[in-house]
Each structure stands twice: as structure tokens, then as C-alpha cells.
Amino acid sequence: MDGRPALGIALTQVSKAFGAQLALDRVDLQVDQGSFVAVMGANGAGKTTMLKVISGLAAPTSGSVRIAGIEMRKAGPRLRALVGVVSHETMLYADLTTEENLRFHAKLFGLRDPAEAVTRAVERLDVAHVLDKPVRALSRGTRQRVALARALLHDPAVILLDEPYTGLDEAAAATLTELLLELATPERILMLTLHDVVRALSGPRRLVVLSGGRVALDEPIAGSTDRMAETYLGLLRAEARR
Amino acid sequence: MNDVKTDAARQQPVGELRPDALAGPVPRSRRRLWGIATLVTLPILLGMALLWAPEDANQGAAQRIFYIHVPSAWIGFLAFFVVFVGSIAFLATGKRRWDDLASSSAEVGVVFTSAVLITGPLWGRPVWGVYWTWDPRLTSFLMLWLIYLSYIVLRGYVPEPLRRARFSAVLGIVGFLDVPIVYLSARWWRSEHPTQFVVESGDLPPEMLATLLVGLAAFTFLFLYLLSVRRSVARLRAQRELEEVGR
Amino acid sequence: MNVLSPAFTIAAKDLRLELKTRDVVASVGLFVLLVVVTASFSFPTGGEGREGVAAGVLWMAFLFAALLGMGRSMAVEKEDACLEGLLVSPAPREAVFLGKLFANLGFTFAVELVILPVFVVLLQLRPGGGTWLVVLGTFLGTLGLVTVGTLFAAMAVNTRGREAILPLLVMPVSVPAMVAAVKVSEAGFSGGMADGTLSWLLLLVGYDALFLLVALATFPYVTEE
């Protein structure tokens, strides 16, 4: 065991400023292959920004982001091919059908066989029956599954999900949890942001809590989750008082 | 332990749009120097322009507005060159002071360009018989003025400082590169309807030239002074922003 | 990764979207037709020198068409964070810009293709041997307008003013391209190359090339967060 897996995400002293506001404040974070990380924190703590910096949507003000040891700044396009991004917004064209949307993204990702990739993704997410429907006509839960299918088209090694549970009903949320557990293989990295501490502790294997753009807590999720939930809520309360 | 680190962060802000730690405040002493130089040279310019310089044989007293018009035009152009340089520097480095410089210079530049657009017609009426003519230079300044007004309007529409800086830098670059093309097109456009005036008619009498040079100097000092004041305002705003964030 | 192939993929997607919704071409086309008809009533479009007035009216109409189309096409990307979907793909930023540029050019050309013959008939123009010049001027002028416009549209949708401030950004900067395009069209409507037409064409080529380079260089800054 060399302790340095081939695929990992490394944030080194990453800061991101929006004006005077520091969304990330010198964050150091190492995520190894096979990790399933829940990122939590109050609104504005920097969760979304952290995912955006890793996905290449936002450039860090200072510090470096590396995926598989390669600097994001230097090899953006190549690294983005390794990453799949899901947010609570679908990134789908509402007037195009499911199939048209997925095919478009498959081509955009330069996949060798777009049709095959689409078939694989829709089967995995059980959305084959809505291939011909415009995205506009789909329910929120189905839309989210199509959005996930979009992100999985190129079978990414890193999957980033920004508040994927937002707006889902219980059934859809349960399906999502199942899918995430299925995706969390030893080859992949999964990182998701969410607000529900129970969900965060029943699946993910590591909890990172951000507060004011800094890592306030970073622990493996093991043993008594009650204690971790208590710690997390304590952090939130302390932040609210400030 | 963690708290200590946060304190250090407060003292030494990082990040592209935070006030640069190294830049410090705009030096006051230099601003005072520009202010004094302006206060000294502007009255001299007025004296020379109104009393000393000879009256133009054809244009009469109206020609004397030239000593304000030409320096304003020079500063208008210089100001937008500074916007251009500041914009490129901002995109290259991401340092807030470049955005402050560019946006300050744009505002000051609009003031001087407005002076060009006001003094031009004031002179044109007695000399050409019309307030406005689509003279290439005047047309170019009108376009310059419009481009940088849109620059200022754009900034007002982007509340988020980083975006604001990026967007206006792009407009600052595009706008400045557009100027020579505007000038060229205005010249060709007019060449089909030739107009008969010539502004720089060969050699200026030495008194006129000297007055013009003093005018250029006085206006440059005024520009540097105003730019320095405007940059301090930008810096104060940045500091207030920092305090509002409360960290 | 190659730049052109994702660019064409994006443009093809926009075309497909447009074929479904007919958002841009229908609303913009009708609007521009109305502009042309209204302008024909408002300006002296018959008699001597009508080619000059016609060219001016035509380019005002084209300008409106391009502005409306570009604003609409970027607003679609803003809905449901579709633009982010493009940006997280391995396609380079330049490809995203070119894709939107091609799509916007496509829409604008489509509208122009319909408007131009109608316009020639309504205003009783006889370009004859100058037709190629009208077409070339339309191509070069539109390219310049849409290049600057696509860059600025990506900025405008991220402001408080949304697409509404797009004209404020595009119009002042595009004046030289408009003047040149009007001059070339005027010569074309009058039957062929006139004195100075070549200079205007060269100015258009220079404008297009310069701002295409500037747009490619600055677009990554516009889309970054």
C-alpha cells in the first residue's frame, strides 16, 4: 500500500474571494479515491464554492486544486472530463427531450459512442420511458434523475453533487440515496453537499463541515453517529450566535 | 488555535478583490503635490489663454477655448488609455487595485470627455456657424464618451465585485481598441462630404504653442489629482465592504 | 480536445432548440419585418439617393434582430444553469464561445435572408450587379456585430439588468462596423463597388478579425466565477 492512490482530489491553501467576502479561506483538503464525503455547513459557509472550485467552474483566488495530481489551472478541460457535476438546477434544456439533452452532452463530452452512453445512463437511472418527453414535462424527481444521468454519461471518476436532495419528495430522495450508495465504489470519489444531518450520516463515510469558508470539522463517519450529529448541530448553533 | 489563525487572516487579507495588502493607501503626499501643481498652473493657464496669447486673426476670441478644449481631449484620451491598461492588468493579475485604477480613470475620463463635447460646439458655433458637425475627432469623442458611459452603467448593474471587475475590464479593452476604428470610420465617412476647416493650421505662433503646452501640463496635473482622489474613494469603499462582511 | 467539434455540437443544439420553439426566428423575424415596414413609411424611401436611406434602415433592422436573438439565445443558457452544464464539460471555453457565436450567426443570417428580399422589393431597390456586395456586406457586418454581441450577451445575462442592457453594451462599440456595413450595402444597392467601398470592406474585415481575437481571449474571464 503506497498510501497515495492514483486518483485523488487535493486542495492546498485554497481561497476564493468574492469581493471582500471570502467564500473559502485557505482550505486544505485531501480526498482519496473511494471516498464518499458529505460536505455540510450553514448557508454561505462555502460548500457550493468548494464544489465549484473542484469542478473548474470557479477559479481559486489563491492556492491550488489538483485532481489525480494534476493542477486544475493547467489542464482544466482534461480534468473536467473526469468529473461529473449535479446541482439542484438541472443543467438541462427544458424544451429538448430527455434523449436530445443526453445526446447533446454525450457529444459535448466527446464520447466515442454517444448513443450507447445514453442507453447505459438511462437504464441505470430508470428513465428510459421518458426519453421522448421534453424535460419541461417531467416531474421534479424524474428531472433530477435525468440530471444525474447527464452527469454520469461519461462514467466520471469524481462525482460532485450540490444539494441534490433539494426539492425532492421522500420517495425520490430514497431513490437518490440508493443510487449514491451504488455509485460509491472504491474506484470513485463522491462528494455531496446537503443540509440534512441524518442523511449525511447514513451513507457518506466522511463528514466535512465548513464554517466561514474554513474547514471546521473533518472526520470519518463511524461508530456513534449521534455524537457526530450533536457535534455538527453544536457548530451550527455556535455559528448562529456569532 | 483556530481562532488565532482567523485573526491572522483578518490582518492579512488574501484574495483578488480584497484591498491589496501591499499596496497601502494612495500616497497622500503625492496627491498633495498634484493638487498644488494644479492650483499653480491653472491660473497661469487662464492668464496666458485670456490675456497673453494673441488673438486669432480669423477666429477671434472664440479660438481661446482651444486652450481648454485640446487639453481636455488629451486627458480624455489618456484616461481611457489608463482604463485599457488597468483592465488588462486586472485580468492578468486579478488584483483589486487595477480594477480601482481602471474604474476611477473611466469616471474621470468621462468628465473630461464631456468637457470636450461641450467646448467643441461652443467653439464651432462662431467659427463654423454650427454647433455640431460630424468632424471625425468630435465624432470619435462622442463615441468614446458613449462607450465609457456604458462602462459606468454596466458597473452599476453588477453588484458582485469580482464579476463587476471582470466584466468592466472586458468592456474597457474592447472599448479602447474600438477607438481607432471609430476614428478611421468617422474620417472616411466624412471624406465624401468634405468640410473646409483645419484645426492645426501649420505652425502655431510661439505664444499660442506655449499656452497650449501649459494647458496640457495643468490638465495633466488636474487629472492625476482627481484620479488619486477617486482611487482613495474606491479604496474606502473596499474597506467598508470588508467591514460589512465583518471578518 | 479539439475546439471546433464541441462548438458545432453546441450550435447544432441551439438549432434543434430553435426548430422546436421557433422562439428567436419567429418573434425576431416578425419584429424586424415590422421595423422595415414602419421605417419605409417614416423615411423618404423613393427617389434619388434612396439607396443610402435604405441601407441605413436595413442595418437598424439587422441590429435589432441580432440584439434580440443574442439576448434570447443566452437567456436560454441561463435557465436551469445550462451554461454551467457547458462549462463543466471538457469543451474548452473558446469552444463554448464559438458554439454560441455560430448559433447566433445562424439565427441572424436566417432572419436577414428572409428580410433582405422583402426589403429590396418593398423599397424598389435594384441592386442588379451589386447583389454580391450586399450579401458580402451583410455577412461581414453581421459577423462583427454578433462577435461583439455574443461576448457581451454572456456578460449581460449575469447582470441585474439581464438581456436588457445588451444594447447599451453592443451599440456604442459596434458603430464603426455599422457605418462600414451601411456604406457597403449602399454601394451594393446602387449597383456595385463605389469609391471607397474597398476601404469599408477592409475595415469590416479588420474589425471582425480584431474582435474575434479579443472575444476568444476574454470569454474565459466572462464565464468564470
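Letters are used for the chains, namely A, B and C, taken in the order the chains are written, and counting of residues starts over at 1 for each.
Heads up, the rule we're going with is that a contact is a pair of C-beta atoms (placed from the backbone, for glycine too) under 8 Å apart; a residue touches a chain by one contact, two chains touch by 3 or more.
This is a predicted model, so every value here is computed, not measured.
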What chain is most central when centres are computed from CA atoms? C
Centre-to-centre on C-alpha atoms, which chain is most distant from subunit C? A
Counting only Cα atoms for the centres, state how far subunit A is from subunit B in Å. 47
Between subunit C and subunit A, distance of the C-alpha-averaged centres to the nearest whole Å: 38
Once you find the CA centre of subunit B and the CA centre of subunit C, what distance in Å lies between them? 31
I need the residues of subunit B touching at least two other chains; which ones are they? 162
For subunit C, residues contacting two or more additional chains: 224-225
Per the contact definition, I'd like the list of subunit A residues that touch subunit B in the complex. 15-22, 25-26, 61-62, 212, 214, 216
Which residues of subunit B touch subunit A once you look at their complex with the stated criterion? 2, 6, 9, 13-18, 94, 160-162, 238, 241-242, 244-245, 247
If we count contacts the way the header does, which residues on subunit C are in touch with subunit B in the complex? 148, 151-152, 155, 158-161, 165, 168-169, 172-173, 175-176, 179-180, 183, 195-196, 199-200, 203, 206-207, 210-211, 214, 218, 221-222, 224-225
Subunit C to subunit A touching residues, read off their complex: 1, 5-6, 9-10, 13, 16-17, 20-21, 76, 79-82, 84-92, 224-225
If we count contacts the way the header does, which residues on subunit B are in touch with subunit C in the complex? 91, 143, 146-147, 150, 153-154, 157-159, 162-163, 166-167, 169-171, 173-175, 177-178, 181-182, 184-186, 188-189, 191-192
